[in-house]
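In what follows, structures are represented as structure tokens.
Below, chain A partners chain B and then partners chain C, in two separate complexes.
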Partner chain A sequence: MNQTALAARMHDQRPVLISLAAVVGALVIGLVLVAAIGVSIPDAVAGFAEGAWGSPYALAASINRSLVFALVGLGFVLADRANLTNVGGEGQIAVGAIAATAVCLHGGVAGLPAGMSFVLPMLAACVVGGIWGGIVGVLKVKVGTNEVISSLMLSFIGVWLLYGSVQSEALLRQPMTSSSTLPESLEIPDPTKLPLLTGDAGMPLHIGLPIALVLAVLVAVVLHRTVFGLRLRAVGLNALAARKAGIAIAPSVIGVFFAAGALGGLAGSMMLQGEQYSLKAGFSSGYGFDGLVVGLLARGSVVGVLAGAVLFGFIRSGGINMEMVANVPSCLVLVIQGIIIVALAGSARWMTRKAGAR
Partner chain B sequence: MSDTANGAMVAVFAGSTLRLAVPLILGATGELVSERAGVLNMSVEGMMLTGAFAGAVGAIATGSPALGLLIGIVAVLPVALLQAFLSITLRANQVVTGIGINILVLGATTLAYREIFGGRSREQVPGFDKWHPPLLSDIPLFGDALFTQVWLAYLALALMVLVAWTLRNTALGLAVHSAGSEPKAVDKSGLSVTTVRYGAVLFTGVLSAIGGCFLSIGDIHTFTEGMTSGAGYLAIAAVIFGNWKVGRMFLACLLFGAATALQFQLPALGIEVPNALLIMLPYLMALLAVGGLVGRQSAPAYLTQPYVR
Partner chain C sequence: MTAVPLLELRGVGKRFGSLQVLDDVSLTLQAGEVHCLLGENGAGKSTLCNLVFGVHAPDAGDMLLSGQAYRPGRPADALAQGIAMVHQHFSLVPDVSVVDNLLLGQSRGLLRRSECAARMRELSERYGMPLEPYALIKDLSVGERQRVEIVKCLMREPRLLVLDEPTAVLLPEEIQALMEVCEKVAAQGCGVVLVTHKLAEIRRVARRATVLRGGRIAARSDAPAQEMDALVRAMIQRDLADPSETVPAGPARVAPAIGQEVPAPALMVDGLTVRDAQGTTRLDNFTVLLAPGEIVGIAGVEGNGQVELAGVLSGLMPSTQGRFFVSGVELTGERPKAITAAGAGIVPEDRHASGCVTAMSVAENILINRLGDYRRWGLLDRAALRRDAQDLMHKYDVRAAGPDVAFGGLSGGNQQKAVLARELTTPGLRFLLAAQPTRGLDVGAVEAVYGHIVGACQNGVGVLLISSELDELLKVANRIVVLYRGRIMGQCEASPSQRERIGAWMAGHTE
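Right after this comes the complex of A and B.
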């Protein structure tokens, strides 16, 4: 390989290298902070590794977490192709989870045959999440509302809807048997929980993993191999030219937001049916925003979404364990995450310039 | 209940509405300037939290709430500069930089507070006393309950009026407005869009920090982890609901303040309204506003668009 080819290759790898540098840099700063607060670095690292991938259980929990980030991230990438920014993941997760909970707890669903008892809630979550996302598209098309603002507001509304729905017995709150009954839903029946891949509770990887992978492939195909993907791209590059070329903008915009919302809703149902099993206030704790960041940092690449999702899944899980075993406040993870986001957002320019030169 | 008792209750409600609206007014006034200049500054939340934290720590360290306020304002400058550098100079996605900064600040202030004060302590902060404005607070029935506020509340109102006047009547106001609606024209006139936008973001930082300080050293005299709890996002919602105009933004802040005050007052009256509904209301109102259901919205044309010469 001659020198120019090597240089070009290095150039091609620039986004990956920059991302790696940001992650490593943030982790180093994290270690410095660990030392600064007087915790031994090996203890902290051991705690992190144990929580992130130290046991089959931890590994599965991290990956299950990653699935949520991946689905929201995929939705972001889809809309991003049309140059639309979907900030609504957090709300789509919330309404998806509400829908899934309602269906799971609905009498009769648990008794459905052939796996329908866990599929039906997921479908409901997709539809409701899709509608929630679709509102953003409709507003964009009909009124010209900035999608960042509307999807952000819908996120907050969704989060508080979830909060409200577990506060009232008329909605999803479990029956009050005493004054100490927590404001959360009943646990969903066993048949509505997502089946585990291994059948072993020590390795609780659930069926969400293959579903998410299939959807990732599907999104990649839609983006690169279908007319719909091409239309999105045309709308994103120049909406006016796209319209002149006879592309109906409205269905594309509404459709892509519906799809993104459906992915977010599905993520919410997976969190419920695969991990938490009951709906409660603070159900998501910012997963939707993490997913948005994953989607953004992926720069339109589906593989990038998966990589980012795994990274954030590990960081979240490791951080929680680090607090428990090594007494490192888990807010340190927020610092690390914040630095990664800021560094990658700031360096986006150098990554896109490369793409533009192509 | 007698008329006097009813009157007193209304007065207390009005007083706490204003008190709860003050941080929103400060944050929203700052955010309005940023957005009018074309920067959707999502980091208001982080800026307020920085102000609340540094103000509290400064007040404890120096024993003076005034010095605390000053320290709070100085401490926000690097945060605001970071937001400006990322979103203006590096042309990074404004929403994502804002979210990143908010996460970073939440983590850093929580970590630092725990390191300085240990555990989950609620260290008492030397704070500002309430000010009894002469005449106003002497008005019978409601004067004292409504107008006796920390002086920062009056500063907030004054700053808001000043900003409204500046935006409407001065060359500076025109420059800010044009940076968000017609940046090319600003450039051609010889002004730098970059400078105007940097200034706007720094201004947002300073006002947000004062808003944060109002929470920690003005209102409750202590710092708690993540104590802004979404006030920055509410400020953004207020700007949107206010259609990027000061008057309606102020109204929105008062409405949002009233919604929060109701959460405390309604249970006292024995009225059960779901809390979530009241908390959700501001966001729902903002959504309806941008959805075109409350008059025509006119966002700055170049909001969220980095300027490329």
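Right after this comes the complex of A and C.
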């Protein structure tokens, strides 16, 4: 009954307004906290705005962050449709980035024409990320391992693989010329970097933006407009009935985890090829987990993922600058982010209960 | 004697939306008596019980318990006042043991399992309701689960016990035992409200009876055993016809003459055996041959192998031994998809478990087997899906606001008609398995379901009808096979004259 009532409210405008109110409320609480630690509110807001959208560079950096959150969030929503929880974004980013780095540096793609130089590393990241995600699906189907546990554990493995891969020259570490050579990879060749949309390094908005938007539309279409999406929904809502109706459960589960992993892997390659240009320890500081939160808060809506990704991307960028300019501790940004999550989740719960009470 | 009544209702009314479910209902119940509440489906019996048990609050009237005003706000209040209730739908946690279910909500601090188990054994022995304390609920049959519910109530030593249609799932013998339980409980000074629409059961135990019809009191009796006919008339507003005359003209009985070429049987089951994870044999060497156009009824008390039989035939459960064929195609161990493709329609017993996805739309549910046919340029052709579903809904009289409403919002009868619509339109349908297809449906929906099943059989479909309602089988089936502890106890023509034989087989007696 609950789900039915919720489904009926999917097209209702009120959830959007309530979510918005939750975000605004959390930001207000954040400002109160800022004032409480003795920082002037105008200074903090100015620092935040400058970091988030104050310059073309800041704007582009915020959007590039948002892309990563969006891709991981899309992967979460895709799996969530089949009632599966993918918390493996961090590991999928890591293995995707490893694959992209390896192809960029050692794949001999730098000389390839027609954009192949940067597309092939991205595809490699998708495949490897997909396999990383697919492992979770296979474990779920064959052994019955809970996907939350296995995807989380694979995240840690992925992150440590990344760490390990830049420790040895035999792997991806740059040649050691002195004892102070950092454990990171060489910078990837220019042709493998993602082309900038503006052609201006002052606004490093790269080709990942249109790619992510196309993928968002694709995910929305798959979920809402294809037979596969409908079957996935049946699997998620009632696996036994879906099986009885002749829907093959195992391929659906593995397939959807492959797709989610591929999106995570792609996010990793975009971080490498569009932003950082070399692989190093701490390559992704929790982007996979933030992306998971974005997906969680979106509650199955692709538009919600995009909105959440933009929100988180800008908060992250603004927060970093707020720390540097206005001396607001970065942990406070995390606190505000946490309040937003609690407020959004709480308002969702509240709406569910109201729907259920009717 | 004018003792203060244990429970008294004065002019109680209850309305749900625009539906007046109860209207000006008054009744009294003395301690130590069994009060029967009679009425057809939808007469308001369950609602009345729910008022007494605090699930709902009455809109009008008063309730008094031992002369004191009684206004339970929730079931916990009723329990605290010594009122226990066995609901029509059980409230047991399937994944834990019987004892743990009994301990839920009634112990503090540490769980005293062995003490509780001992208590349970004592109670179940005293009242003749065998139960294994450490069995998991999910492994029990519906009948066994009900015993757990009853024992759960008795452990509270209630002063008022409300039983909402407790007999629907029990064997004649078990009904007898339950009546003894009622008598014993009443003899200890407890009041018992027994809700039923089966008349024979009350003859023995009912001290008084109240008949509800359309939410109003239609009749009362202080001597129900003597006034049975009047009560029946009050209940249904007409006299019950002689059962032997109500047997409808049966469907075309196909009996190929010897020597004539025999068409492939709709279903052939050869020595099917199912053993569960514990190694207990649940279905034992089951063999049946179902001709096209024939309806074979599987009779038996629930939990005697019916679930396993249906599970194997629908491809959701593995069999240990034996084989089965639909229209000559072997399907042993095949997936549901292959079974559907061979022309088998499956109407599952538990609609919500495997028959539908309640949060999806009616259209999606009706055509879920055939979503692949609605692909256009890779996308789902929702317009066509909606149109075809609308046609089927019209043809099978599925009443809903439209094909896009959530399946879960439909009434049970309409849900079942929708499931039938889907299964009966399975391409190349040769065989239909219908497990408890009329459970929980009102009279009109039951007739519609029968009509569709008989209609399919007239089109040459063989039907295996699993039902715990013997009357239903006698009415619809050509032949009846009786299951007892997973074995075939006997089989015979579906004729009312065989009723007693069948009843004996159901109870495990051979002649």
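Observations on the structure shown:
The criterion applied here is as follows: the second predicted complex is superposed on the first by the 336 of 358 C-alpha atoms of A that agree within 3 Å, B and C clash if a C-alpha of one lies under 4 Å from a C-alpha of the other, contacts with A are read in each partner's own complex, and residues count from 1 in each chain.
We take it that contacts are C-beta pairs under 8 Å (C-beta built on N, C-alpha and C of every residue); 3 or more make two chains touch, one makes a residue touch a chain.
A quick note: this is a predicted structure, and the numbers were derived from the prediction, not measured.
Contact with chain B, but none with chain C, is seen for A:33 once the two complexes are overlaid on the shared chain. Note on chain A: of its two partners chain C and chain B, the one contacting more of its residues is B. Once the two complexes are laid over each other on the shared chain, residue contacts for A:49 go to neither chain B nor chain C. Judged by the touch definition given at the top, the superposed model places A:186 against neither chain B nor chain C.
Judged by the touch definition given at the top, the superposed model places A:339 against chain B, while chain C stays out of reach. In the superposition on chain A, A:238 contacts chain C only, with no contact to chain B.
Applying the stated contact rule after C-alpha superposition, one finds that A:349 touches chain B and leaves chain C untouched. Residue overlap on chain A between its contacts with chain B in one complex and with chain C in the other: absent.
Considering their complex, residues 1, 3-4, 7-8, 221, 225-227, 229-231, 233-234, 237-238, 240-248 of chain A touch chain C. Those residues of chain B that touch chain A in the complex are listed here as 40, 82, 85-86, 90-93, 95-97, 99-108, 110-111, 114-115, 225, 230, 233, 236-237, 240, 274-277, 279-280, 283-284, 286-287, 290-292, 297, 299, 303-304. By the touch rule above, chain A contacts chain B in their complex via residues 33, 37, 85, 87, 139, 142-143, 145-146, 148-150, 152-154, 156-157, 160-161, 163-165, 167-168, 289, 292-293, 296, 329, 331-342, 345-349. Across the complex, chain A is touched by residues 314-316, 335-337, 340-341, 346, 348, 353-360, 364, 368-369, 371-372, 374-375, 378-380, 382, 406, 408-409 of chain C.
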